[in-house]
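Notes follow the structure.
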Amino acid sequence: MLSLLCAFAACAPQSDPQPPALLISAKTIVVAPDLVLTDGRLLLRGGKVAAVGASVPQEVGPDVHRVDLGDATVVPGLVVAHTCLDAERDLAETVTAYTPELRAVEAYDPYGKGVAEMLAGGVTAFGIAPRSANTLAGLAGAVKTDPRAGSVLRNESYLLAAIVPEALDQQRFPTSRMGALDLVRTAFRTAAGPLAAQTPDREVLRDVLSGALPFVVHARTHDEVARALDLADPARDGVLAGSGARLFLLGAGGAHRAVDRIAALAAGVVIEPLHPGLAPEALALPAALAARKVRLAFSAGSPRELRVSAALAVRHGLPRAAALAAMTAWPAAMLGIDDRCGTLHQGKDADLVVFDGDPVDLGARVIAVCLQGHPVAGDPGLLARD
Amino acid sequence: MSRARLDRPRPSGAHPRLLPSVPMRLFAAFAVSLLAPLAAQPLVVLNAGRLITMAGPDAENVSILIENGRIRQIGTFPTPWNARTIDARGKVVMPTYVLAHTSGGMRGANENLANVPYLTVQDAVDPSSKFFQECLRNGIGTVHVIPGNRTLIGGQGLVCKPYGQTVEDLIVRGRGGLKVSLYSEAGGALIQVQRLRRALDEVRDHIADFERRKKEFEAEKAAGATDKKEFDGRIDPTKQPVVDLLQGKNVAFLYVPDAPRLVEARRLMREYGFEAVLVVGPGTHKAITQLDGLEFPVVLDGDLEVWEKDPVTGKSEKVCLGARLYERGVPFALDVSTGLNGAERFPWWQMATLIRNGVDRATAMHAFTTVPAKVLGIADEVGTIAVGKRANLQILTGDPLAATTWVDTVLLDGEIVYERDKDPRLQYLFGVSQETDK
Amino acid sequence: MQRSLLTMLAAAVCAAGGIAQDQVLVLRGGEVRTAARQDYPDGTVVLHRGKIVAVGGPEVTFPKGARVIDCKGKVVTPGLIDAGATFGVRPNDRNEQGDEVTPQMSILDVVHPDDEGFARARESGVTAVRLIPGNRNVIGGLGAVLKTRGGTVAEMLVSDRVGLRVAMGSEPSAGNRAIRGGVPLGLFVRRPTTRMGVVWEVRRAFSAAQKYREARTEAKDTPPDPALEVLVQVLEGDLVVHTTARAEQDIRTALRLASEFGYRTVLDEATEAYRCIDALTAAKATCLLGAPSAEQVTGGGAGDGARPRWHTAALLAQAGVPFAIQTGTNLGSRSLVHEAMFAVRFGLGPDTALRAITIAPATILGVADRLGSLAPGKDADVVVWSGDPFDPTTVPELVLVGGEEATP
Amino acid sequence: MSRLPCWLISAAAVGAAAAPAQPPSSPAPAPDLVLAVGTVHPVSGPSFADGVIVLGGGRILAVGPRGSVPLPDGVPVVALPNGHAYPGLVDACTDVGVPAGGFGEGSAGLEVAPGVDLDAHSCRAMPAGGITTWHVLPAASGRWRGIGALVRAGADGGELFGESARGAVFLRLVGPAGQHPIVRQKELTDLGRPFEEAESYAKAVRRHGEAVAKYEKDFQAWLEAVRKGGNGKARTGGGEGDAAAAQEGGQAAAPAGPKRPTYPKAPPPDPAKTALVQVASGELPLWIEAQRRDEIEAALALVAERRIVNACLVGAQRADTVLDEIARSGVAVVLTPSLVPVELDGEPVADTLAAELQRRGVPFAIASGDGRRARALPLLAAACVAHGLPEEAAVRAITLTPAQLLGIAAETGSLEAGKRADVVVTSAPLLRSDARVLRVLRDGRTIYQGR
């Protein structure tokens, strides 16, 4: 079934390069987590959102194809902030742990099976990241789940560093977290140093220090998270303190006692895939962070993983709106693609998913997916002109 | 440098005799050489500064008259002209400790076959083992050596004293038990219980069949169908110890590692109606009610304090089974570990550990003397100092529970079998010479 | 610089901890063993805001409304200090094996505040510990002294400049394989593979540090090297070396290296110190003794061939060699007070034994200004024992860390 | 419902095994608690708003909309106006309570109940997930794994369901990936053999009984004969050995009179065969773990060949390829779905299984199969809804159906008068993500209360 979707998704866009204008009306249209239309209307033209709700003209031209989705729910295309898809092997340079200038997008295969699955599940954009096998692992980029070449939105979305055990290797430096943190500090100090020669890796580190590039640290347990936050903590004389660097955390499962420090020092948290087996505190962490206005996003290998994480987070107290934001607007902003993705405001790309319920409930099904105005997945007839 | 310069506690009056250090394997020979004169004069008088009898109030400055290895008189009396006196004034005299269950002192504690009831420790025990020397060093005078926990029905135990040259020297009257163990590698728990069931069923059928044949023989004899006078059917000798167990002529020492197994153990005892001394691991505290109303006191294994992690809170709490049993009023005996490092090999430390966990002093001390004696069915012989009992005594430099106290002299059956000043191992551990440890 | 900042913050936090219970706390009527000059059979200890305000006999006065705890029949001592704690760090994080010489590593980066070891030590009367990198490197990194209370490293930290780990003996070379031509496969094909090699690594590192120091004094713009910076601090006497040396030969080597480069060293786990007391007194060296009750060295140090003696502590005390007793890597099973108890059993005087787990480690670790004895101005780290601490049946009934009750 | 009878059989049989604290037949006890909740989902019937549940003596005394049932007075009332009441969830197959290392070497007769670690953290976590009863999979090695255990949730640790707590006999047909076809074929053919052996065993046992009776008669007769015939000594001496010898001698000397009978040999006791006999008689359910098509087909063949009335497929990931056969065979299915996509032999497993089984009227339960998923049992059901399963069917698959498959439907699985008072109250419809468990009652006792 998936392979079929993939084929369909692959051919559909090429079949008509200029998508038809589309006027969608539905019981619920989530323009953005904070703007939800009931019995609203949405006008798509030229692969963009032309008008939303009241701004949609009562009379539209005959070229516009009208679709009434009844009591379905329309949400912006889902966005995954961090994934390695199945390119696992290509996404870590294991010779050395210091590879900040490596770009994950260069190992990204737009025709990979994972991509089609993402699309079928309603994910229209995601951040492809290096694997957490190196201390300074490299640059994550942002791509559309669009099997055509040139689907890359950003080559450099954020720099990923990892101080989790899997980033340590007993056969090369660093073998311990002492070494890993020393490596990170030394790297930023040297990069910031006036005498340092201009090299690509230092360029990247300087972009981080200037705030041009978000800095994502993969840290799981309470003490890993504490050390990661130290990097940005002036009281701990952290290397990033005082600079414009924007620190994000990836994982942070064991950080339930550090939420206040996270709120103070981190720009956001990317939640690792949640599963029922985790400790209750870990499952309740997203709720705790959201309660402190920390912006969340999800890491997921597949749309199922994304929605299970959201569902479990909500099951443990995360508000539905926050969960939805963590699947759309917030990751888009973090990846630096919020000019095109993440919401359905006027002028944004016409990337949307139609559910027969609230996407936060696992019972809700994907009815249709629309990418830049093209119906690409779900029920093909639904949004296409027959 | 001379040891005299150390402020190490030593017997008052006794001068340090700096003997050349001797390999441990000659250790036994020492004591022998020194009890030679003693054999000639059967009467011994021991003058104690403080006497802890474990059978009533302690006494000050009393003497004990020992004849042929037994205690004949306690109190103040004129020293017989032919008696040899041992001066323990200013010191503490108490009964030697009793171990109710240990696998120390033998080579190869576990047979690699599971069901070997016909084996006996008597064939494996090693009179010159380091463990026995360590026992004397720590004032342990009676040990029940029994196969280890890694079998099913491991064989017959042996009650012995940790001193002598041949196995025969070691043997002491007392009820050795049949080792039965519910220990299993991870995953084997159920199988182990099932195997034990099968083994017991087999024996039960064997007995039934035997009884049937016996009955029929009587019938045949009555009918004159046989010319035999006596029934000559036999019980399978390899099954005999278990048969005895099921017929109440033998007692099992049943090792139970954890709570689920404890429940099973009690069920088995009910179903098959045999008596067992339960040797319990720390994990059994979860089913502690199962330890009420037992025929015999239970025996705790070496580690008295364990830390259990609560997976919910992630915090781990200290569990001391001995203290829990004390609260419930369940009598128990203590054991020591058989290693060379770690304080768990010292009775005084084991008792102190219980006291730290809230057990009172008397209970702790009985757990190494009278209770194990009861377990082994020799309460009338050892465990306390009383007229008529074996003269198994230890002379301590101070209170038995003080860290600074040392076992100075040990008497078994009235013979001096250990003297601290002649202990080569202590001379090694308190020396600075380069010679290596044997 | 940064570190001192850290320490200040930690201090502030401790104070804050005290303010929470602003009330004055008085321990009255116990036998107070201060581990300082004078003991008080009927003593009084007054605590306020996480600090000790007054120590003395019955005459000591305290404000009305103070919370008075009756300690009659009990013994009050300073909080114990374990100079050889081996918990609080995950095994792989204890050594950075990427290189033999990693002086800039700090144990603070890998301390695991949730480790139960802290709670257990605390419940046994230990209020502060030294944590330091392991012995798998020749030069392992920087150690720290932490309180056993507080959820985060910052709250627990007392001092992070307590010593630089250097290791002698077999451990640093264990697992390394000789290079002997061919391509080096894997991390552990490298020097050192022998005791000689270990010493050679130390020499090389410190002579490099000497050159670096000269270069820096001549040319101010030499790029800073964090690793050599640390070694330079050692050479300039700002930092003490903690050398793990168990066997006699290793102890002598450690002393030789120290005199060669003129740095101060503490001898860690000096099992065979009893064999070279002359050398120790001559070099004015200080020792940390692990697990006095051991009859043989176990664990990683077994390869050193060191043979313990039961009266080592007593001998050092007689010879006047300053030493502290630690639980050490040999036998972590028992609590610190019981290790000291065994030293007493083996002939050490009780007073010396108490000092060996309080003021002595505090002095050796350079935190005696805050910890180690009951004196006004010091942190309110106090233990109330049910009796003589060296009686095996005694338990700590009240443990105060920074004036806060730490017993559950 | 062609297979209703087989449920009744099992219900009777195992219901007896799991002896209820108090059989529903006995005179109704006094009510001791009233639950008043916003919505009641009895599962056995349609849901209704503003309902009350009257509990007493650990049982449900009455269920219905307010007003329809008489409210006893002087009885404490727990009012949860926004709550949704469901029967306590039943996890048909999970490893909660399996000790580390499993149960070792399996066999059809291995009852795992005594080995279940009822104090395990996973057991204590079950009430928070709304689960009041679960079936511990006999995680033992070998093809015949053993007899699962029925466990009831408690405030602190689980409790065995009844004295024996016997669940179903597990037969594992799932082979390793990439097995050679020939090996597979060999593995999956003549699965009936053990049943035949079990039958002959049962015969042997019966025969032995008769033989013993006969022996005793013959022995007495022989004694009589000897008494009459005077000098029996010539012919025999005491004991069977001599008897045998005497017989040989007898041939030689050819004396008259009967020979001493010999005692018949008893067949060795065999719990495994005993269990299979009970399976054949429908007294014990047979649960067959089968994933791939050939495994499922082999299982169905076995059920048909031995006419096993009370059989059930476990796992059945490839059931989508043999749906009609399953529907025809009359076996039930226990699905152990995963929240994330799973693959078998590199091919994705269809998510629509539950829906398809539902369409064909095959009774099926949704089980966690794995303790880590158990607490999210409702989410597992919700995930199936996303692939076309009606919501009420999904709820039934984690309550009533598993109870029926395990033969304890007379005790639990729905909110009906007479059943045990196992109730879960949630803050929203069970399958919604934001449904919090407010309160869990087992046998009328509150074993969990959510914040």
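So that you can tell them apart, the chains are marked A, B, C and D in the order they are listed, and the count of residues begins at 1 in each.
Following the convention adopted for this analysis, a residue touches a chain if its C-beta (ideal position, glycine included) is under 8 Å from a C-beta of that chain, and two chains touch if they have at least 3 such contacts.
For clarity, every value in this text was computed on a predicted model and none was experimentally measured.
Engineer: Which chains are shared contacts of chain A and chain B?
Structural biologist: Joint contacts, listed by label: C, D.
Engineer: Which chains contact both chain A and chain D?
Structural biologist: none
Engineer: Among all other chains, pick the one whose mean CA position is farthest from the mean CA position of chain C.
Structural biologist: D
Engineer: Could you tell me the distance, in whole angstrom, between the mean C-alpha positions of chain B and chain C?
Structural biologist: Computed from C-alpha means, the inter-chain centre distance equals 41 Å.
Engineer: Would you kindly tell me how far, in whole Å, the mean C-alpha position of chain D lies from that of chain B?
Structural biologist: Their C-alpha centroids are separated by 47 Å.
Engineer: Centroid from C-alpha atoms only, then distance chain C to chain D, rounded to Å. What do you get?
Structural biologist: From the centre of chain C to the centre of chain D is 59 Å.
Engineer: Hey, what residues on chain C touch two or more of the other chains?
Structural biologist: In chain C, the residues touching two or more other chains are 114.
Engineer: So with touch defined the way it is at the top, what topology do the chains form here? Options are line, ring, star, complete, other.
Structural biologist: Per interface graph, the chains form a ring.
Engineer: All pairs of touching chains, please: list them by chain label.
Structural biologist: Touching chain pairs, listed by label, come out as A-C, A-D, B-C, B-D.
Engineer: Within the complex, which stretch of chain A touches chain D?
Structural biologist: For chain A paired with chain D, touching residues are 1-2, 117, 275-277, 302, 304-305, 308, 310-312, 314-315, 320, 360-365.
Engineer: What does chain D use to touch chain A in their complex?
Structural biologist: 339-341, 348, 350, 371-376, 379, 382-383, 385-387, 391, 431-436
Engineer: Taking the complex as given, what residues does chain C use to touch chain B?
Structural biologist: 114, 116, 119-120, 274-275, 293-296, 298, 307-311, 314-315, 318, 331, 333-334, 338, 341-342, 344-347, 349, 390-395
Engineer: Using the touch rule from the top, collect the residues of chain B that touch chain C in their complex.
Structural biologist: 1, 5-9, 307, 309, 314-316, 340-343, 348-349, 352-353, 355-356, 361, 401-404, 429-432, 436-437
Engineer: If you look only at chain C, which of its residues touch chain A in the complex?
Structural biologist: Within the complex, chain C touches chain A at residues 2, 5-6, 9, 92-99, 102, 104-107, 109-114, 133, 141, 151-154, 186-187, 221, 223, 226.
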